[in-house]
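Each structure below is given as structure tokens.
Presented sequentially are two complexes of subunit A, the first with subunit B as partner and the second with subunit C.
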Partner chain A sequence: MTNRIHPVLIAFTILIYLFLLGPLIIIFGASLSDTTYLTFPPQGLSLRWFENIWEISAFRRTIVTSLQMAILGTSIALLIGIPAAYALNRYRIALPGWLSTLFVLPILVPEIVIGFSLLRSVTVQAGIPVWYALLIGHTLLVIPYVIRVVSASLASFDFSIEEAAVSLGSHPAKTFFTIVLPNIRSGVIAAFILSFITSINDVSVSLFLTGPGISTLPIQLLAHMEQFFDPTIASVSVVLMLLTIIVMIIVERTLGLAIVAK
Partner chain B sequence: MKRIAGWMLASPATLAITLLLVLPVAATIGMTFGPSDGGPWGIVQPYANFFDSAFQRRVLWRTFEVAGWVTVISLAAGLVTAYVVARCPPWMKSTLVVLAVFPLLTGVVVRSFAWLVLLGRQGMINEFLLWTGMIEAPLSMLYTPGAVIVAMVYIFVPLMVLVLVGVLENIPEDLLQASSSLGAGPVASFVQVTLPLAVPGLIVGAVLVFTASFTSYATPHLLGGSRQMMMGTFLQQRAMVAFDWPGAAVVAAIMLAVIVATVLVMTRLARRLNPMAT
Partner chain C sequence: MTLPLTIDAITAHYGTTKVLEDLSLSLAEGELVSLLGASGCGKTTTLRLVAGFLQPTSGRITLGSKDLTRLPAHQRDIGLVFQNYALFPHLTVRENVAFGLKQRKVATAERLKRADAMLDRVGLAHLADRLPAALSGGQKQRVALARALVIEPPLLMFDEPLSNLDAKLRVDMRVEIRQLQRANGTTALYVTHDQEEAFSISDRVAIMHQGRIMQLDTPEVLYQRPANAFVANFVGFENLIPLTVSARNGALVTAQTAEGAVLELSQDQLGPIPDRFTLATRPDGLVVTTDPAASGLPATLGLRTYLGRAYQYQAKAGGLSVVANSALSQPLDAGAAVRLTPNPEQCAILQPE
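The block that comes next holds the complex of A and B.
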């Protein structure tokens, strides 16, 4: 497979990778600048813009909200998504075909349409408080990822092991937790990570579901950019990128990155 | 018995999506059909009003244009890159895949912000060009369709590369060896063997990129602003700035219709063009 790739193609690929990574490197450099404006290469190294993140209370609050949404939303999605994925694989014949289509709707329907519809129905008509509406939005958003990734690992699970345990007298629920769950563990971890990243980066659903005092980090970043153009944004971006790198290392160590590309 | 067990396990997810997604979205679409002001178009009057406005037609058309260009450029760049990546030795391939996954996991806001820094009036590209003396006054590159297209290509190329690396790797090596042993050069092999086999994957990638760019918000908001309004930013502006919810609902319904039509037509096309299909 290694035989002769045309040099022009290789040069083009190098350019594409420079295009992909260059801007991220520039953000990284700009975040370290000692100036009050964004510049690259950085002039005078300083970490003061990183300290500034914690000094701005709006960032402190929204980082907490974003983490709450990502952790709680993903956990709820796992709680209702794993049984659904299990049912789809175990009782496929007994369930109607449209069910798997229903489960991908949160990806198919544009996020911004979901956000606007939730604002109308959940926040305004049903009068559900903003924080809960935001949680509903984030849970919905990640359900398809949970079902898809967990289904993929259930597809390679041999259900006859489970049947063997049940026929030997093990309670079905106990069998699930002692036999099935340990076997699909890597799928569940992958689903959690993928959902967490999707939730923490979300803009379009959160856009409509933030209210007075309650907002997520990406929405706060957008609001901050409209007023200030200082390196704080760059340093928040770097913190998010470092978080991504940590997540990638965990994924690589536990499962291999191939799972994300699926 | 199996039916009951299956339904019991699937019901929380089914209920959640039905009650919290299907019904709210259906209600949004429902509110677009109404005898609003009793115009000549009856219940589709709100849509007639939408298309009546030259500004709104322009927003819709611009969204098609931008999403179309982003899809075409991402396909071309992604195909070449994926072709090279798929043919690299294994250690290099895994490094290149990781380098493509990394930007993908970084948020859209962060990645759009990078282009705000690069393309701004006092941005790095302008400073560089002024420094070299190639220009005398800074160029205004922000808030143009080009700025939105560049940033979106930047955002979607990694996705395209990952989808296409997967597709190209699945093409059996024997086929390429057979074609070269029968005398086909690399170009002929690519055009006659690789490309037809990659068509279904190319369509999947194109649908992903087109639908995501057609409905995106953060990138057109930051790099296009109110001057280059697209459907996503227009929906937000109608709903949250103008508080014209019926108008916003019409925008939402049109977006949904475009996305559903694109997915249906393209999946059918992918099935028809698949040379491996029976």
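The block that comes next holds the complex of A and C.
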């Protein structure tokens, strides 16, 4: 018996990698082109289209907004989602089963529907300013991820250690921070990263909630594309991709991707 | 420090289900009392009420002169040992043991000194810097024990502390628990479903069923003089034979079953016998004899099983199904007509209920 892999299987695997990575390679190549139009393979090598991102103020502003939404939205979602996940798991027996389903509903409903209903309610009905509406949208978008990932951590958490701490004289609120939180740390970090990536790449919800002067990077990218077809599009895409990859590498290094996949 | 615990007329509900009814129990200073019963009997609920993880519907719990009933769990000052150890996975063994002292604002140096001293007492000083994941089950339970003892609580509580350990270790650990509890003189409430465990280490045992204490007494009395059919059955009196006294002659009592079978019993051996009673016997308490002239219950043997030291028979005595062990070297066949004579040492008299 040999352990040789069948050549067809190898070819098949390479094809799948090409299919998955091909478009990304083309975008990356195109972003380095010296031409004023999108082309692949690149003609001449230049970083001018990356510099161009910083020269266009709309891109500069939307990168800041995107980071604000991702960091603030994710942080708020953690503040809401961790206690919710805690309650859902701690009192699972006492709570009705549909309750936890309710919290992951935004994943099940098409994002475009959420975007539109938020536009209708938050922006039109309540008249909330664009920046805040956008923040509400991003928070809502990522809460289900926080609850799912933190719940996965809590599912293997033994709540009797919390009782042990309380019996030893630790106040329940303090116990949450000294005992519960350190033991679901990996889940919280994974939730943060997953939410961050979801938020920074979001189009569907942001599309409805961006307004005059305030936009996110992916939306600005769409807007730019309607008028210009230069390699800036590719270089912005590469920037977005790199942001995601950097975050993923951090997850990989610190926790292992298995936690996110769970 | 040690204090008496009083549980006074506690009733508790889970939602609308009543799980404890009017339960009262007193533990003297330094006494170890076990709550013994099958799962769902209310023993763990009782412990959790005392710990403060559950609130009673009515009743009072006091520890010494302190009323615990409405006191938050973290202010109750009770040492708890859990079934699954419940060690803090992210803290070292030493930090686990020192945790309670930290909550009591004991200075760091003093705290670590006392934690190490306690670890030394349970024989784990050399593992102080390990994380709980690196310990065996028995070691984990010792750490849990040290963690509960180091705060010098006036009351210790154990929730099935040995169920996750293997049989040999269980015996060693229960001796160790008893020795530490005795040495400290701490009042202790011990929850278990294991009869041998409860009987071996307790001053008194409360046998529980459906949220009530069926009998609370020393292990010896429970084992030899059960107060009712439930306890009798629980401690191994498998046969319950209802009888009516037909004649008394001094200490000698003649009693009849409903079908008229006659048994001769001695009050010298069995204690006072009322006019109507139930004779409870263990399987060893019914001697199988093939002599048709012998006094005893006429019975027909059924299924035979081999126990090693004896044969065990399922038997029919009139309308009663009974179990009898027979040390006879020659096995008897199903269908054999025999007499079953009570052996008073393996019998108990139950008052009518």
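The criterion applied here is as follows: the second predicted complex is superposed on the first by the 253 of 262 C-alpha atoms of A that agree within 3 Å, B and C clash if a C-alpha of one lies under 4 Å from a C-alpha of the other, contacts with A are read in each partner's own complex, and residues count from 1 in each chain.
Going forward, a contact is a pair of C-beta atoms (placed from the backbone, for glycine too) under 8 Å apart; a residue touches a chain by one contact, two chains touch by 3 or more.
Being a predicted model, the structure only gives us computed values, none of them experimental.
With both complexes brought onto subunit A, simultaneous placement of subunit B and subunit C is permitted, the two fitting side by side without a clash.
In the superposed pair of complexes, A:Ile184 makes contact with neither subunit B nor subunit C. Once the two complexes are laid over each other on the shared chain, residue contacts for A:Val142 go to neither subunit B nor subunit C.
Applying the stated contact rule after C-alpha superposition, one finds that A:Ser170 touches subunit C and leaves subunit B untouched.
Shared-chain residue A:Ile161: touches subunit C; no touch with subunit B. More residues of subunit A are touched by B (comparison of subunit B with subunit C). Residue contacts after overlaying the shared chain place A:Leu32 against neither subunit B nor subunit C.
Here's the short version: in the overlay, subunit B gets within 8 Å of subunit C at its closest Cα pair.
Counting contacts as defined above, no subunit A residue meets subunit B in one complex and subunit C in the other.
Within the complex formed with subunit B, the residues of subunit A that make contact are 1-2, 4-6, 9-10, 12-13, 16-17, 19-21, 23-24, 26-27, 30, 37-40, 79-81, 83-84, 86-88, 90-91, 93-95, 99, 102-103, 105-106, 108-114, 116-122, 136, 139-140, 143, 147, 197, 200-201, 203-204, 207-208, 218, 221-222, 225, 229, 233-234, 237, 240-241, 244-245, 247-248, 252, 257, 260-262. The residues of subunit C lying in touch with subunit A in their complex are 51-53, 72-80, 82, 84, 86-90, 99-100, 103-104, 144, 147, 151. Residue ranges of subunit A in contact with subunit C, taken from their complex: 158, 160-161, 163-172, 175, 179, 182-183. Against subunit A, the residues of subunit B that register as touching in their complex are 2-3, 5-7, 9-10, 12-14, 16-18, 20-25, 27-28, 77, 80-81, 83-89, 94, 96-111, 113-118, 120, 122, 124, 154, 157-158, 161-162, 165-166, 173, 186, 211, 214-218, 221-222, 232, 235-236, 239-240, 245, 248-249, 252, 255-256, 259-260, 263.
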